[in-house]
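Chain IDs A, B, C, D, E and F follow the sequence of writing; residue 1 opens each chain.
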Amino acid sequence: MELVPGNSLITATPEEGRALAVKLARLSVKATQPDGDVRQRLRPVYGENADSLIAVAQVVATEFATIAAANGYWR
Amino acid sequence: MELVPGNSLITATPEEGRALAVKLARLSVKATQPDGDVRQRLRPVYGENADSLIAVAQVVATEFATIAAANGYWR
Amino acid sequence: MELVPGNSLITATPEEGRALAVKLARLSVKATQPDGDVRQRLRPVYGENADSLIAVAQVVATEFATIAAANGYWR
Amino acid sequence: MELVPGNSLITATPEEGRALAVKLARLSVKATQPDGDVRQRLRPVYGENADSLIAVAQVVATEFATIAAANGYWR
Amino acid sequence: MELVPGNSLITATPEEGRALAVKLARLSVKATQPDGDVRQRLRPVYGENADSLIAVAQVVATEFATIAAANGYWR
Amino acid sequence: MELVPGNSLITATPEEGRALAVKLARLSVKATQPDGDVRQRLRPVYGENADSLIAVAQVVATEFATIAAANGYWR
């Protein structure tokens, strides 16, 4: 199972870096729960729960911090 | 869907950097839950829940750490 | 709404840096919930809940990490 | 009990670094709960709980940040 | 109210740095809830709750990361 | 009460660094709840709770990030 799309943290722009962060977070969940049906069943659960959505945002923020540092903050 | 407004982490001031952090956090939630009606319905849920508000502040703090580092802390 | 008092992360001392971290955390909550009455109503809720108080401390710790780095740890 | 497979944080690629992060997170749980039967019994509990899966992703993101820094972000 | 004992992050040893991290975490809670009676009443609540104790340890770990960096890891 | 075994963050290997991270996390809990009987009573509570085990892993990951940086990632 692919954990890092393109096997690189380097992206051309912050936007692409952010998309990678979102993708890494999702692939992390997939690595822990490979069953697509289960993940599909859980989608409306966290998708309509404020605290779950905030917790996802926390994961994305942590992944993005790593990717941004990897890219020298695209300065 | 735009994840990083202006596709840059560079801002003129800490205040702008902070506003960007708040925006990134919100766009993260939008990326996970694109349905505006659902997000609107959840607003009063997290907006009137102390722990949810604190969790949002945690996401903003994490995003701001990245943006502040990107801007050399506006020294 | 002001997000960063004084629009700077630079403080003379760790004590001032810490006070700024506490203030940034509170302004984050205010940015998410601008209604002062709601925030006032929630005060006793989180103020008398151990987990909420710990979660606030986590936000302050994260904000302080950024401010301390910005100030070269006041070495 | 082995905590760091290969006793090194250095990996050839981000993909391997990510796999190491997932492994470190799991070994952390094992270090806290060595009983395999208990961990096995808990698998469906967190595996089918959105918030638990998100919390695991948060641990992986934090471990990955360390491993990515260790590897100079595989630049 | 004092937020940073000694108004410095610099300590002679990791042990002192760790003690400072524990102290900063506690002073954070005090800054949010200045009422000593309330904090005293909450002590057995979080003191006998596994998740609360773990959450306190998370705050200490975050504070310690800042203090350790401030002291060049006491190398 | 000892908070940092050996009063140093420097270890020979990542494995030892990881063991130190686990130890620091446990000593943090001990610093907050010195009563060994209480901690013993709580062991099966968090030891058989998926979310508690994940939260412990999050603390270890945060401590390890500090220790790994202290050791230059054992490069």
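To be clear about the criterion, a contact is a pair of C-beta atoms (placed from the backbone, for glycine too) under 8 Å apart; a residue touches a chain by one contact, two chains touch by 3 or more.
No experiment lies behind these values; they were computed from the predicted model shown.
Visitor: In the chain contact graph, what is the shortest path length, in steps, from subunit B to subunit C?
Guide: So the least number of steps between the two chains is 1.
Visitor: Return the chains common to the contact lists of subunit D and subunit E.
Guide: Expected: F.
Visitor: Please decide if copies subunit E and subunit F contact each other with the same set of residue positions, more than half shared, or with different positions, and reply same or different.
Guide: different
Visitor: Of the other chains, whose C-alpha centre is the longest way from the centre of subunit A?
Guide: E
Visitor: Farthest from subunit F in C-alpha centre terms, which chain would that be?
Guide: In terms of C-alpha centroids, the chain at the greatest distance from subunit F is B.
Visitor: How many Å are there between the centre of subunit A and the centre of subunit D, using C-alpha atoms for each centre?
Guide: Using C-alpha averages as centres, the distance is 15 Å.
Visitor: If you average the Cα atoms of subunit A and of subunit E to get two centres, how far apart are those centres in Å?
Guide: 31
Visitor: Can you compute the centre-to-centre distance for subunit B and subunit E, using the mean CA position of each chain? Integer Å is fine.
Guide: 27
Visitor: Using the touch rule from the top of the page, what residues of subunit B touch 2 or more other chains?
Guide: Answer for subunit B, listing residues that touch two or more other chains: 46, 49, 51, 55-56, 58, 62, 65, 69.
Visitor: Follow the ring of contacts from subunit C, passing to subunit E on the first step, and record the chains in turn.
Guide: Once subunit C is placed first and subunit E next, the ring gives C, E, F, D, A, B.
Visitor: What does subunit E use to touch subunit F in their complex?
Guide: Spelled out, the residues of subunit E in touch with subunit F are 13-15, 17-19, 22, 46-51, 53-58, 60-62, 64-65, 68-69, 73-75.
Visitor: Please name which positions on subunit C make contact with subunit B in the complex.
Guide: Touch list, subunit C to subunit B: 2-4, 7-10, 24-25, 28-29, 31-33, 35, 38, 41-42, 45-46, 49, 51-52, 55-56, 58-59, 62-63, 65-66, 69-70.
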